[in-house]
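Same chain, two partners: chain A is paired with chain B first, then with chain C.
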Partner chain A sequence: MSDDMTRRGALAKAARGAAALALGGAAFHLVRKAEGQIVWNVDPALCINSRLGETGVEVCGLCTTECVVSQSAVRAVNEFSKCGRCNICPAYFNVTSAVNEKGLPSEKLCPRDAIERKPIGEVDPDDPANNFYEYVIDEIKCDGCGKCVMACKEPLGLGSIQLRVRHSLCVDCNRCAISIACPKDAIEHVPSERAFDHVQLGSHP
Partner chain B sequence: MQYSQVQLLAGKGPEDDRFSAALRGVAVDRRDSVYAAGDREIKVFDDAGRLRRRWSTAKPGLAVAISGDGRVFVGQAGQVEIFDSTGRPSGTWRDEQRLGLVTAIGFSKAHVFLADARDRCIRRYDAGGKHLNDIGKDNRMKGFLIPNGVVDFGVDAKGTLHVANPGKHRVERYTPEGELLGHFGRFDGRDPAGFSGCCNPTNVAVTDGARVWVTEKAGPRAKVYDSGGKLMAVIAAGVFDPNCKNMSIAAGSRGRVYVADTVKLQIFVFEPRAEEAGAA
Partner chain C sequence: MPIRPRTAALLIALAGLILLFAGGAAGQALPYERPVEVAPQEADIGSGYTTPPVQKPKPRSYWLQVLDVVLLAVAMGVSVWLVLSRRSRKWVLALSVACLGYFGFYREGCICPIGSIQNVAVALTDTRYSIPIVVTAVFFLPLLVALFFGRAFCGGVCPLGAIQELVVLKPVQVPRRLDRALGLLKYAYLGLAVWLAVQPFAQREFVICRFDPFVGFFRRTGFAHMLYIGAAFLVVGMFVGRPYCRYLCPYGGLLEWVSRLAGRGVSITPDKELDCGLCQEACPYGAIEEMRAVRPKCLYCARCFAFCPREGPLAAKS
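And then the complex of A and B:
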């Protein structure tokens, strides 16, 4: 093998190596960017609908009315691991409505009927209170009005329902219209891995 | 029947007669001295509302009760600490398995009853601390329904237990052996005779069994029923912090009722109005 051929082979190897390095670097940069993407997020500790200590105040519906997406990108989510699975859930029922013949509140709370109440296991025919119930929010129907969030909050409930920005629906405005309107600065810009949308939701056993 | 507020004990603050962070339990002895469990202390007030004694507990107290012989039992996580009436330690019952969170304590002539909120039931022990049986476990739900996180009960003069089952909006009566004798209560968010919200009543107290005193959360209020479940009076509503829940309640002589506000860290004392005190 001549010196010329050896030199050419070495140059080709070096070029391939440089190209691989460049591609790898670009891919690494892209991955890093995705991981570090800044997204909009609702901080439940600031949101007036969910933060503790706020009782006797009106429900804030700005996430519904201010979002530029036609049906807000903010939705209510029930974190099952915190849910009390009550027979009479104050987020599902309007607990101040008249009692019906079954001994339950006669009205539902959600104006879009977006919460489904399902018994866990078989209902005791002699005593329906003798059961746990699962409350599942239909996010297709929900528009993030926050009524269930406020009703679920301590001390009335356990705070298992909170508002979340659904990033599959959010259009990532530079300045979120809800954040401009929010009186409590509860809409924050955070790295995607810190956003509550990433919290894993379980299901009832 | 109507009640008036006659005293206000403790409160939030650094002073000896106040609590800094928590007020969990209240009990009354035969002389109407008031025992309050909060932070990591027991504070004892006389019937005029003056602080008489205070002493530390090993862990934060979740409940306090006075036995027939005047000993002070303090429910804690994993144990019950026992003191004599002056606050000198006289023993600790430890049982990590059966005493997860002791949120209520009661006595009959021969037995001690301890509520374990972690296992959603009540344990019966003999006077020496030997476990005998559980109450409230032998049902479809395998315990009381307590989204509020506290099991509370009272024991009447006949030894019958009156237990708050808030998820069912009921007060249930049990024998010491655990047999369900009956219950009263129903959900109603409008009629004060019913129990409101997701889960009420949260706390209960009895003396001779003729009266059952309860507290509710959201909105917090105290009420009294007769033994058949007929509402006799709304003792107080609107005076407690709207965020408080699991308000311990106790009844003393003269019909006095003591309610612990868990946010203001105050003990509200109510008394039937003069013309009705005889009836109470």
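And then the complex of A and C:
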């Protein structure tokens, strides 16, 4: 009886050891090919709103509607160094709306009024072409609908606005709900140091 | 086609704009002409203008992620100690509420060992997919603990378990055969989840995360149908103890296998005769058979100790 018990004990110990080794080995294998911290990211070269050549299509608003965060973690970002700082910005104004007494389109494009237009320096009313404006997107108001991204896209704009995942808001879902819905598979899972590059859209035909 | 006044005004305005901005390019077909060809830089703008930096909020800092893993390990250690040494229902419940608060409502349920099954499955099959070390640790730590001490993760740490533990109101004993049959569901679910996860990227589906019944509560937002399913699990959970854990949780299935090999686990008054069976009635999870805790099914809730006349407060009274 006691002999049997010790044999069972030894077998159990051996099985436990083997299982521990197998688990440890698998873990070690995965750790060896690990790549640091991985985050969700919008690839602007694939996103229908910023991708070149996608014209005459409806703005895709899936980033706004699919994200599990109540106000989507995807927001529009204006890369200031690429911004034309135009007097009449196609992403700020609805350029098809009627022109008001100031000579500017009367309607704004953003449905949430999330873009602020700030004059840079002195404004010369007689020479609007040489006045510059800074367009700042209000992170709190923006919900990533992508209308401004589509409007700023080349060749009509300079393509300075792109959709980005705000990593301070993203809850790091294991499988991003937007990535399931995205028709262009533009949501990618990349190491965090690659997530902030401003993609040169011209180089991605 | 008659031209409406609004359209006419617009056309005139646009023509004016084009003249203003693009000089002689007035004959262009495009209704809107890009005002500038290249972005003006600081020198062109003048008057001391500096380009503002683009806001780039960083992800959660790495040490905070490591802290999650450390907290997971510590919480499992405490869970083992409270159940096996202190044998205290009260304290292990307090621990699970604390973990529900931290891993559930504060960390919003991601990443969890249950969902990490899929990442591990993909990482083992797809050579291009790499998973963060943190996720690897989150997957393997509870399994290692279960290998030696049983399902300590389920009882004290798992937020999905804790939220169901709190609603157990009047549990019925599920007939053993039915319990076994329903218990097979989680292996089917595990197989399905792994199969869907190892598909090529475009078809890849993380079904466990997508149909996580409680993550909507943790995030206080979510798709309505998932919130209803979660609520349904909680309502059923009042009468059937922890239905998700016992019948659907794929990670529970893995822990069940691994904890069969466990050397230690919950044991009811090991040095005394057992005859009353109060523990068997008290266990809402059908994990006590012949007045002995069945290691693979035991969810570390420690109710059996609380109801045992020879343990803790009841023993002290008599």
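Definition applied: the second predicted complex is superposed on the first by the 155 of 205 C-alpha atoms of A that agree within 3 Å, B and C clash if a C-alpha of one lies under 4 Å from a C-alpha of the other, contacts with A are read in each partner's own complex, and residues count from 1 in each chain.
We take it that contacts are C-beta pairs under 8 Å (C-beta built on N, C-alpha and C of every residue); 3 or more make two chains touch, one makes a residue touch a chain.
In this text the structure is predicted, and so the values were computed from the model without any measurement.
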item: Touched partner set for A:D124, first chain B, second chain C, both or neither; value: first
item: Chain B versus chain C as contact partner of A:G56, first or second or both or neither; value: first
item: Touched partner set for A:A76, first chain B, second chain C, both or neither; value: neither
item: First, second, both or neither for A:I180, with chain B first and chain C second; value: second
item: Partner chain(s) touched by A:C110 [first = chain B, second = chain C, both, neither]; value: neither
item: Touching partner for A:C142 - first (chain B), second (chain C), both, neither; value: neither
item: Partner chain(s) touched by A:V42 [first = chain B, second = chain C, both, neither]; value: neither
item: Broader residue contact with chain A after superposition on the shared chain, chain B or chain C; value: C
item: Which superposed partner A:C170 touches (first chain B, second chain C, both, neither); value: second
item: Doubly contacted chain A residues - partners chain C and chain B; value: 84-88, 90, 95-99, 103, 129, 132, 155-158
item: Touching residues on chain B, where the partner in the complex is chain A; value: 139-141, 145, 147, 167-170, 186-190, 194, 196-199, 217-218, 220, 242-245
item: Footprint of chain B on chain A - complex, ascending; value: 52-53, 55-56, 84-90, 95-99, 103-105, 124, 129-132, 154-158
item: Residue ranges of chain C touching chain A (in the complex, touch as defined); value: 6, 9-10, 13-14, 16-17, 20-21, 30-32, 34-36, 38-41, 45-47, 49, 51-60, 62, 65, 108, 110-111, 115-116, 118-120, 123-124, 130-133, 136-137, 139-140, 143-144, 147-148, 201-202, 204-206, 209-210, 219, 221-222, 258, 261-263
item: Chain A - residues contacting chain C, complex; value: 12-13, 15-16, 19-20, 23-24, 26-27, 29-31, 33-39, 68-70, 77-88, 90, 95-99, 103, 120-122, 128-129, 132, 134, 136, 139, 155-158, 160, 166-175, 177, 180, 185, 192, 196, 198
